C-alpha cells in the first residue's frame, strides 16, 4: 500500500465500568450520546473532518454491537480503498493469543497494521470524550517542532490540576516533566490522552517496551516517562476548546446537559465540522396537541405527548400524556408512560418507566438516577 | 433476506395534470414529503422490505433530483454486485395521459432488464400512490393463484378522478378497469405482480401499441391473460396535485394514521443525512406538529410539518403549513395555510397566508 | 431485528499450520486459491448462492488480512441491513477475556449474536474446503426430518473410511452412531463438518456444554456424541458432489490441479453458482510473442513470456522468457525469472524464483515444493 | 487520502464526428476498451487516484451504458455520504462541434455543484483522451503559479485534426489555441484545473454565449484570466474514430507501452466483476495478446485483445483483432483485422476479415 501521512489508532477496548448499567452489554464507545449519536461518533467525525482516512479501532470488551455499528465505516465516509475503519481485536499467533494488557500493548500488538500502511505519523486516540479537534493542527505542531511525540494538552483550573496527568513544558512547548496527579502541580496543562508519534519512533519505542518486563505497557505510565528520560523531543499541543470525558455517570449527564441552551458548550449545530453517525431511518418526531418542549434536543421517531424540559431525547423515545421529563437523558427507545415524572435521570435504551412513577431529584447533591437498558421501572420500585 | 422470486420495476415519470410550482424543479417522484422523505422512497422501500435486490427505475427527463436522492440505492440495500438499482431512460415527457403509469414504450426499452433476470416475477410500481405493503404476501398469493397478472387495489375512501378503478368479477378476476374512482370503488394502487415470461411476451406482441399504457394495450386480452386482484387493507394515499399533497400530508400528523405507514417492521427507508437532533429553545411552543432533524425552533409551530434544517425564529408563527428543507421563518413572521418549498426565507414581521381552502404555495427559493 | 430463517456461523479461527509457509502471517481462510480467490470465497459464495444473508465469521488467528479482505461483505453481496458478514473475534466481558477453546466454544461465546438475529436454524461451517453446495437443500432435509441436528456427509471409498469421522445412519437417514476414525468402519459416510442445528436446540446444548468441565467443547468430539446419547433427532444429509479439504500442502496442490482440464472436478466456470471474490482491479494478462500456455488458469495482471503447463497462475504473476512452470501454483505476484524451471511447486505471494533456478520434481512420490510468501529463491538455495 | 483542494467534473457527452456501429448502442465515453475497461474509467481513475471525492459527471442523452458501468462510483471510492458522484443531465445531442468538450451550457446547468463545494479548485476532464496523470502535481503547480486556469498538454507525436493545440508563450502562459494538432504541437488533453471562484464568475458572465465551448467563450479574455499550461510527459491516447480506437488499442499490446498507463501506484479502476481466471485448454496457441478473465481459449489467438467472457473454440483463429465481451468464435472460424462488438457469435468455419488498412467492424450482437 502507499505511504500515508498520518493514520489513527483509536483505543476502544475499555469496558467503561464507571458507566455502570449503561455498559453492561455494550462497549463504552458504543453507548448512545447526544440523541442520535454514539460516543465513538465524535472521535470518528474528528478523524473524518481532519482528513484522516485510515483508522484502526482497537476493541476488546463486548465488541459486537460496536463492530456492527462501525460496519464498513461508510457512515463517517471512512470506507477508503486501502484505508478506512479497520477493527483490530486481540488475536492469536503461532505463539498463542494475548489480550491487550495496556494502552501501549494494544498498539504494539497491531504494529503490523501500522507497518502495512507505512505512515509518517501515528495519532493515538481514545473514543470516550466529547470534543471537536482538527488533528491537522496538532500534526502541524508536531511537524514544526520536529518532534518525536506530541501530547495534546488543555489548561485546567489550577485547583483541579492534581486530578490530571500534568505536563510541564518550556517556552517552546517542549515537555520537561510529566506527573500523574501531582500534589503540588507546577503546570495546569492536563494531558488529553491524544498523542501524535513519528511512526519510526513509535515502532522502535513499542518494540522496546514490549521486551521490558517491568513495564505496564501504558502510554501515560510507561511510554512518556521513558521517552522523557531518554531525552526525546516531546512537545505539547495546546487545545483551547471544549473537551470533556464522558466516562462516568456524573460526567455523562453533565456533558449531555452541555449540549443544550442557546450557547451550548458543545454545539451539535456547528456544520463546518459535522458530527456523523450511523443513523437509523425513522420519521420526524411528533409533538402532540398538549406536548410541551422547552430547551431540549429531540431526535427522530419520538412521540411527545407530555412535557420535556432541558433534556436530551434520543431516537424513538416516548413521553406519555401528562408525563414530565426534566434535566434528563432518554436513550433510544426509552418510554416514559403517562403521568410519570423523571428528573435528573438517565433512562437506558428501550427502558420503560411505568405510569405515575417518580424518579430522580432536583437536588444536585444527590446522584443522577440511572435506569439500565431494557429495564422496566414500575411503581414502588 | 434476499427475494428469490421477483425483481422490481418502478416508473418514476408520472406527471401531474395540474401545474404546480412544486413541480417546476423536479418530477412528482422526488417531491419532498413528511419532512425527510420523497415519494420515490415508498416504492423503493416496499421492494426493499420484500428483499428485492434488482430494481429498474424509469426516469423522467428531469431526473437529476431523483438521482441525487436515490444514488445507487445504498439506502435501500440496492448497491449490489449482482442486481442492484438500474436507472433507465424513460419517456422524457412523462406518462402524461390520464391514468398512465406504465408506458409500454418504456417497458419495451427496458427489455434487457427483464431478459437478464432469473426470477419468475416482476413487481411493477408507480410513485404517486404510497402505501406500506407486504409484497411477499402479494407474490405468494399471485403464485398460488397461478394467474398471469395480479393487480393490487384498495377500497376507495374518497373520490379521485386521477386514480383508476378495477372491475372485479368472480374469484377476484379483473374484468376491466376505468379511469376515475369513487367511494367504494376498487382503487388500483399502480402495483402489479406479473409473470416475467408474460411480460416478455407482451413486449414482443404489443410493440405496435407502444404509445399506450401497458393495461390499455392488453385490455382486450384480459380474459386470456388471466388477471387477478389482491386487496390491500392498509393505508394508501395518492398524490395528484397540490391539494391532495397538502391534505394527505396533514392527515399524517395524527400518529395513529402515521403509524400505518411508518412501521418499524417495514421501515420506510430514505437517504441518510447527518442532521443533528432538532433543537428546541426556551420559549418554543410546538403542538400537533412533526419536526425533523436539524431544525432550530424558537418560535411557535402548530399543526404543521417542518422539514430538515428549518429555522423558526423567536416570535415567528407557523400554523397549518408544510415547510420544506432549509427554510427560515424570521422573527415575527406569520405563515399560515401555506406550503413553502425548499430554501425560502420569510422576512421578519411579514405575513404569508393562504386559506384552508386555497393553500398558498411558494416555489423553491422564491423568497430570499 | 426480524426473525431469520437460517444464519451461518463460519469457523475461520484456525491457524492452518499444516499449510506451513503459506500461513505464517495469514489465517488459512485468507490464503490465495484458484488464481484470483481466497479459500474463504468458496464458503461465502455458497452462502450467498444459497440465499443466506447473515454470516458470522469467527476469527482468532492473525485475522487482520482476513478482516481487511472480508471488508463489509459487499464482494459477496453480503452487506445486508440487519445482516451481512459480521466478524466475531474473541472478546472480553466483565469476567475477563476468553480465547475460543474449541469449535463449539467459539459458537457458545457468540450466542448473543445468534440470539440477536433470532433465527430458526443455524448453519455451522468451516472455511477451508473447496465445494459447491446449496445449503437450502440441506435445510430442506433438516426441516423434513424435523431434526435437531443434521450433519452433511459424503460417501468415501471404504478403504479410506478409517481416516474420517464416520456416521452410521438407518434407512431414514437418522444417525445411530458416530465414530471418529473407526478401525473397522460400518459405514462410509464421512462427516464434512457442516451442521444445521435447530436454533433452540443449539442454544440449549451449547449452554449445557459450557458448564461441562469434562468437555473439550468440540462439535465432533463432544456435541454430536452427547446429542446422540441423549436420543436427539440427528440426521445425515448426503452430499454427492465434489468436496475437498485444502488444509495441507498436498491437498492444496492436488485440489488446485482439480480446477484444470476440460472436465475439471471443480468447475470455476459454472456460472449458475458463481464464486465471488474481493478482487483487485488489474488489466487483462499478457502472453508474449514466445509465450506458451497450455491447460492453465491465468489471472489478470500476469505477464507470460515463457511457458506454463498445467498450472494455476494467480493475479500479477510473471513468467520470464524461457522460464517453464509445470504442474504448479503461482500465488499472487509470484515472479519466475528468465530460464527458471519449476515443477510441482507452490510459489508464495510475491515470492521470486531467480533466473535459472530449478525447483521441484515430476516425481509424485516426492513432496510438493513450497516457497513461502515474499521469499526470494536464488541459485544454489 | 482525501483531496482537500479540488472537486472533479467530467463531460461524458463528447460525440465522434464519424459514424461507427460501435457508437450505435453507446456514447464514446462507455466504449469498451482493453478487454475490461471503458474510456470513462480513465478520467474517473485519475480523479480517484488524486483522492478527489466529489465528481460531477455530465451525461449524454443515451446515458444508460455509462450509468450501468459507473453506478454510484463505488469502484472509484465515490460512494460517499459527503460528496460522491453526481450524474448531471448534459446536452442530449452531445458536444458535437469540432473540439468541443466543455459545453458552457452544461457547465451552467451544473452551477449548484460548484456553488456547494468548499474546495478552491475544479478539475475539468473529457473522456476521449486517456492518460494516467498525477493530478495533485498539476493542482500544486496551479496553486503555486497563482493563475486562474491551468491547461494540461502533451507533446504531440502524431497529427490529429480532432485534437486541439495550445499556443504557449513565456512562462508557460497560454496565448491561444487552435483546432487540429500536428507532430510537435502542444496537444491539449481536455484536462484543466480552474479556480472554482473563476468558474462561477464565468458561469455568470458568459451565459449569453452558452452554446459555445468554455474555451471558445473565454478566448478573448485569456490574457486577463491568466491561463497557464502544464506539460504531461507520460503516455496519452486520443480516441476519435474507429481507426484511432483500433491503432491505439493495438499499441497497448506491448507491455512497455501498457505499463505507462496501467501502473500499480495509480491503478486504472473499473467496475468489478466475478469472472474466473481465463482458462487455457490443451492445444491453445496464444501469442502477443491480452486475454481477460472469464475467457475460454481452445484455439489460436495472435496479436489480439480478447475481452471478458470470450470463447475461442478449438481450431478457431483470431488474428490482429479486438474481440469484445461475450463473443464466441466457433470451431474453424477465422477472424482477422476486425473489431467485434459485444455478444457476436462467429459461426463455425466462416471467415470474417478486414485488411490492416480497413478494419472490419461488427456491431453489437449483429452475428448470432
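Letters A, B, C and D mark the chains in the order given here, with residues in each chain numbered from 1 onward.
What we mean here is this: a contact is a pair of C-beta atoms (placed from the backbone, for glycine too) under 8 Å apart; a residue touches a chain by one contact, two chains touch by 3 or more.
Keep in mind the model is a prediction, meaning the values are calculated, not measured.
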| item | value |
| --- | --- |
| Pair with more cross-chain C-beta pairs in contact, given B-C and C-D | C-D |
| Longest centre-to-centre distance from chain D, chain (CA-based) | A |
| Gap in Å, rounded to a whole number, between the CA centres of chain C and chain B | 46 |
| Rounded Å distance between chain A and chain C, as computed from the means of their C-alpha atoms | 39 |
| Cα-centroid distance, chain B relative to chain D, in whole angstrom | 38 |
| For chain D, residues contacting two or more additional chains | 79, 81, 272, 274 |
| Sites on chain A at which at least two other chains make contact | 74-75, 276 |
| Chain C to chain D touching residues, read off their complex | 34-36, 75, 262, 268-269, 274-277, 279-300, 303, 312-314 |
| Chain C-facing residues of chain A, complex | 13, 15, 17, 24-25, 59-64, 67-68, 71-72, 74, 79, 86-94, 96-97, 99, 110, 112-113, 116 |
| Residues of chain B that touch chain D when the two form their complex | 61-64, 67-68, 71-74, 79, 81, 84, 86-89, 272, 274 |
| Complex contact set, residues of chain D against chain A | 1-2, 4, 53, 77, 79-83, 265 |
| Partner chain A, residues of chain B touching it in the complex | 34-37, 75, 253, 255, 258, 262, 267-270, 272, 274, 276-293, 296, 305-307 |
